[in-house]
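In the part that follows, the structures are each spelled out as structure tokens.
Next come two complexes built around chain A: one with chain B, the other with chain C.
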Partner chain A sequence: MKRITVNEKWCLGCHLCEYYCAFANSGGEDMAKALKGITIQPRLRIEQAGCISFAVACRHCDTPLCVKSCITGSLSVRDGVVCVDREKCVGCYTCVMVCPYGAVMPSESGAIQKCELCTQRSPGIPACVSGCPNGAIVLENGG
Partner chain B sequence: MKYVIVGNSAAGIGGVEGIRSVDRSGEIVMFTDEPYHTYSRPLISYYLQGKTDIEKMSYRPEGFYCDNNVRLERGVKVAAIDAENRRVVLDSGASESYDKLLLATGSRAATPPIDGLENAALLFHFLTLDDAKALKSIVAPNSRVLIVGAGLIGLKCAEGLSATGCSITVTDIAGRVLSAALDEGGASMVQRHMEQQGIRFRLNDRIAKITKNRATFAGGQHVDFDILVVAAGVLPNTELMCALGCDAQRGIRVDSLSQTEVPGIYAAGDCVRCCDISSGQEKIMAILPNAYLQGEAAGVNMAGGNKSFETPIPMNAVTLMGLRVISAGTFAGEEHNAGDEGAYKKLFVEDNLLKGYILIGHVERAGIYTSLITGKIPLDTIDFDLMKAQPQLMAFSRSGRQKMLGGQ
Partner chain C sequence: MPIDFLYPKFEVVRNPQRCIACRVCERQCANEVHRFDPALNLMESDESKCVDCHRCVSLCPTRALKIVETDHAFRKNANWSGEIISEIYLQAKSGGVLLSSMGNPAGHPIYWDKLLINASQVTNPSIDPLREPIETKTFLGKKTHDIKRDKNGHLVTETSPQLEISMPVMFSAMSYGSISYNAHECLARAAAELGIYYNTGEGGLHEDFYRYGAHTIVQVASGRFGVHKDYLEAGAAIEIKMGQGAKPGIGGHLPGGKIVGDIAKTRMIPEGSDAISPAPHHDIYSIEDLRQLVYSLKEATGYRKPVIVKIAAVHNVAAIASGIARSGADIIAIDGFRGGTGAAPTRIRDHVGIPIELALASVDDRLREEGIRQDVSLVAGGSVRSSADIVKAIALGADAVYVATAPLLALGCHLCATCFTGKCNWGIATQEPELVKRLNPEIGFLRLVNLLTAWKHEISEMMGGMGINSIEALKGNRLMLRGVGLNEKELQILGVRHAGE
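Right after this comes the complex of A and B.
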């Protein structure tokens, strides 16, 4: 079971993961060009207060309430990864209502977006994991 | 083991997936009186609006029945249950045996007691894909539509129809829209928003009489219509159980393992009465997530597993003409207002627990609030002021967060 875990004490609150995430999902070739002048809409987010910060991304739960509650059948589990069919999703936000982590994100198209561990984009290591300068976001491959 | 499921919607599909998580080989036969592959019922308003199509409306992929080894009998109504011999009797007179039976029969439109309702020139309900298709084929830009019922289904119907440019009036005996899902302030915000987009409302008023094209209200005023849509609530489909002598008119009762009082018969979804853990009251929670989760639990139990669905609460996520609304739980106890500009937000607290919430406009991360209700998290174990401002994991203790996010 692949999932991202977060080491809160290593998080610098630099928000780089959010930029890497937005870039990885932008389809662009060059990070500076892809993100220049836009408000990024990453699929994970940093929570920050005082000196505490940490990233929150989809946990790809064993019992994913979002998938079970989805009223359209747009969310499903593929090889352990909770994925969304964004063509099908009408943006009703039932998943936003049930995700206990607040990890389902809105997007400009109206459909929801969420972390899919970069399986749709650049197979291998998720961009937030490889981009984190301090090892605060880790990909677990546990069973 | 042979399973029979009556109903091919959210609860029935949950039943299949529940059974198959335990039993890969038992025979499953599913009956539906609708002619379709399983589809998402809430999407009928999006269909009306032209925002989705029949293909995208399917609730599960095309290969679902084949992959799960299910024999689907479409367009077949189950007319009776012969519980003694464990058979369901079909409307054709044929019958099918079962070892375990799941009733996932859902609900149907309630008919309000309005004098002359049957005289309306064109009368529709708004529950099924066939309802939506029929409505779509007949509505024209110059149609005058009167919708009876300002609940979720009535308002979604209004939204769906508004795309055609027809004129729409929504009426309800209740004094506010979405009376089951919103408080007064929230309801008036939604109403204003829809009014600004051309929908007219006549609330807190009762239709005394209907003739061909006219609804006359108790006070004497009238609204003329070409099309009348009745969306005045739903009733559980429980005739099959009632015919067995069970007291199920107001919803089928099940135990913690989804079983009805009749051996071998299980029930799930909109046809079931269950306990709302946020209020402690027994009710029918006619929402899709509940239907699926109850169906799934029933399926697991039918196949010999052990699963109870422990956290049913009323909750609604709905977007109406661009305005996002999410509410959950019961609106009892102390009220906390935390809305900011252009948004509405109320949290309801009782006995150190979050009991309910309403968010309109800004709804991001609402699930964190939902989890406080369903998890019955004592509010003095979190930073409630922080949580009130924004749903966030920061409001939990560091160790609580670690449990949620893994890592160290």
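Right after this comes the complex of A and C.
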């Protein structure tokens, strides 16, 4: 299956991936309209210290701790992608605490949110991958 | 002081409806033009620092930005333009020489644009490059005067060392130092992929790039920076740089600030020392002296590599080229006055030298008249912008062309012409690690390959249209060119007829 690989050597810390992620998951058609005046809640985050930066998103682990820990069965693995069923999520946030990468986070609705490789949006290349100006986030065959 | 105040050249126009304050412009501008005001929750800009490189414009995810030239103006004056007035203010303040980067932007005639290419109709068939072979491969180096046979009557096929190129284009000299490590990697990998050559310039060859040596031309310039036996051995050819189109008559100058780490090591000079190349080679004051260096380099490399002598196109270029052809050089590279540079005194860049088109035609004529044209190949550079320019250059008499500005554009350069500041936002003309990493060679190398592949298709199309199926048949074929809007003298020098003739 394909997963996102991040290469910090080419990450510029421009944070565009976060904005493209937030837009992709906003459901809007115009980025300016969708993101203007709000604090974005992207599903991946740039981590930065000094001149090193890289994007952290869900690793879609082979044996995901989040799925194991989910008390309602809202997290599951579909075709290698760790997916959320927001209807089932009760917001206990166990998954948030067990994820070693910090890649699961609460959303504004109370349910959790995480990177689903843009599979919920439309099949194809995830928005962070296509939006990265320097090829630092790539979709590769792995695992 | 108020007397020094110059209104900013460019204005940053931000569409407030579209700006989402993502701050990518702020993070990506090495000139610190953009700033986020948390109190107002707005982006602001200090356009006095803007160099119009379009980094922010290109990365803005909502197309909220554009850069416009200011309409603030001095009183209209055809003689004293705003630019000339501003430069006087700058020099009155600094007492220094004005510096510029990239090629001559002045409005001198561009002869490429006044030359038109022929095509076949009815009486001579054109060739469809998709169905029939078109040979874009060519060889650079001394050609034999006549056919020789050995005592058994077999052809003697030994020639002087030749450079084989898959298309008549090479990347011209840009030093490691003037451009970044990543930019060099892009050029080296693309040259290897394309079957052409790139050129180290005067900065030596980084040890990581020795593996691309078979596609590298190593340069020996007046400062001799980075020159040693392994370096000479590493390249496929050696270029002696006598002059550069952007700054004929003067040498290069890389400030000590850029001589750091690997650049100092590669140039073989102490960190922080200015790399000042003398205007002349201090051991070359005549063609005989040049001959000594040509043969020293040949001797050092066992006569296995062609030697290129690169000169700037200046007034008596034909006579100079004639001398070089007799010095033992295999290839002469001529750099026209529109050629680029990392830094040159503005007045020299804009006012010294002559157009490559005229220089090329007159050199080709002169060498033919003297019966020595086959002794050298001619490489023309100095603002070859497209495949059409290449076809015109070949038809005027070049064996190949050198390009540098066009590949830099392919790598992201937006011709803001401020390379000398060392703060290139596109990661090309800079040595700051944070900026250098903006040029990912995986992306850059592919873009160079794409550009030249596209050009190769176009060259084949144009050649096929003329009914010509090899570069060799196009070389010096000036009947394939016609001039428009040129006077008798210009047509005579170019050796082409006027359109309609």
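Note that in this section the second predicted complex is superposed on the first by the 141 of 143 C-alpha atoms of A that agree within 3 Å, B and C clash if a C-alpha of one lies under 4 Å from a C-alpha of the other, contacts with A are read in each partner's own complex, and residues count from 1 in each chain.
The rule is short, and it goes like this: a contact is a pair of C-beta atoms (placed from the backbone, for glycine too) under 8 Å apart; a residue touches a chain by one contact, two chains touch by 3 or more.
What you are looking at is a predicted structure, and each value in this text was computed from that prediction instead of being measured.
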| item | value |
| --- | --- |
| Clash-or-fit label for the pair chain B, chain C on chain A | fit |
| First (chain B), second (chain C), both or neither touched by A:69 | first |
| First (chain B), second (chain C), both or neither touched by A:99 | first |
| Partner chain(s) touched by A:15 [first = chain B, second = chain C, both, neither] | second |
| Chain B versus chain C as contact partner of A:140, first or second or both or neither | first |
| Broader residue contact with chain A after superposition on the shared chain, chain B or chain C | B |
| First, second, both or neither for A:31, with chain B first and chain C second | second |
| Which superposed partner A:111 touches (first chain B, second chain C, both, neither) | neither |
| Partner chain in contact with A:88 - chain B first, chain C second, else both or neither | first |
| Lowest C-alpha to C-alpha distance for chain C against chain B (Å) | 13 |
| Interface residues of chain A shared between complexes with chain B and chain C | 9, 136 |
| List of chain A residues in touch with chain B within their complex | 3-9, 47-49, 52, 54, 56, 59, 65, 68-69, 71-73, 87-88, 90-102, 104-106, 136, 138, 140 |
| Parts of chain A lying in touch with chain C, wherever the complex brings them together | 9-10, 12-16, 19-20, 23, 31-32, 35-37, 51, 131, 133-136 |
| Contact set on chain B toward chain A in their complex | 10, 14, 40, 42-43, 46, 51-52, 56-61, 288-289, 292-293, 296, 315-319, 324, 326, 328, 363-368, 370-371, 375, 386, 391-394, 398, 401-402, 404-408 |
| Interface residues, chain C side, partner chain A - complex | 17-20, 22-24, 27-28, 41, 58-59, 61-62, 64, 433-434, 437-438, 440, 442-443 |
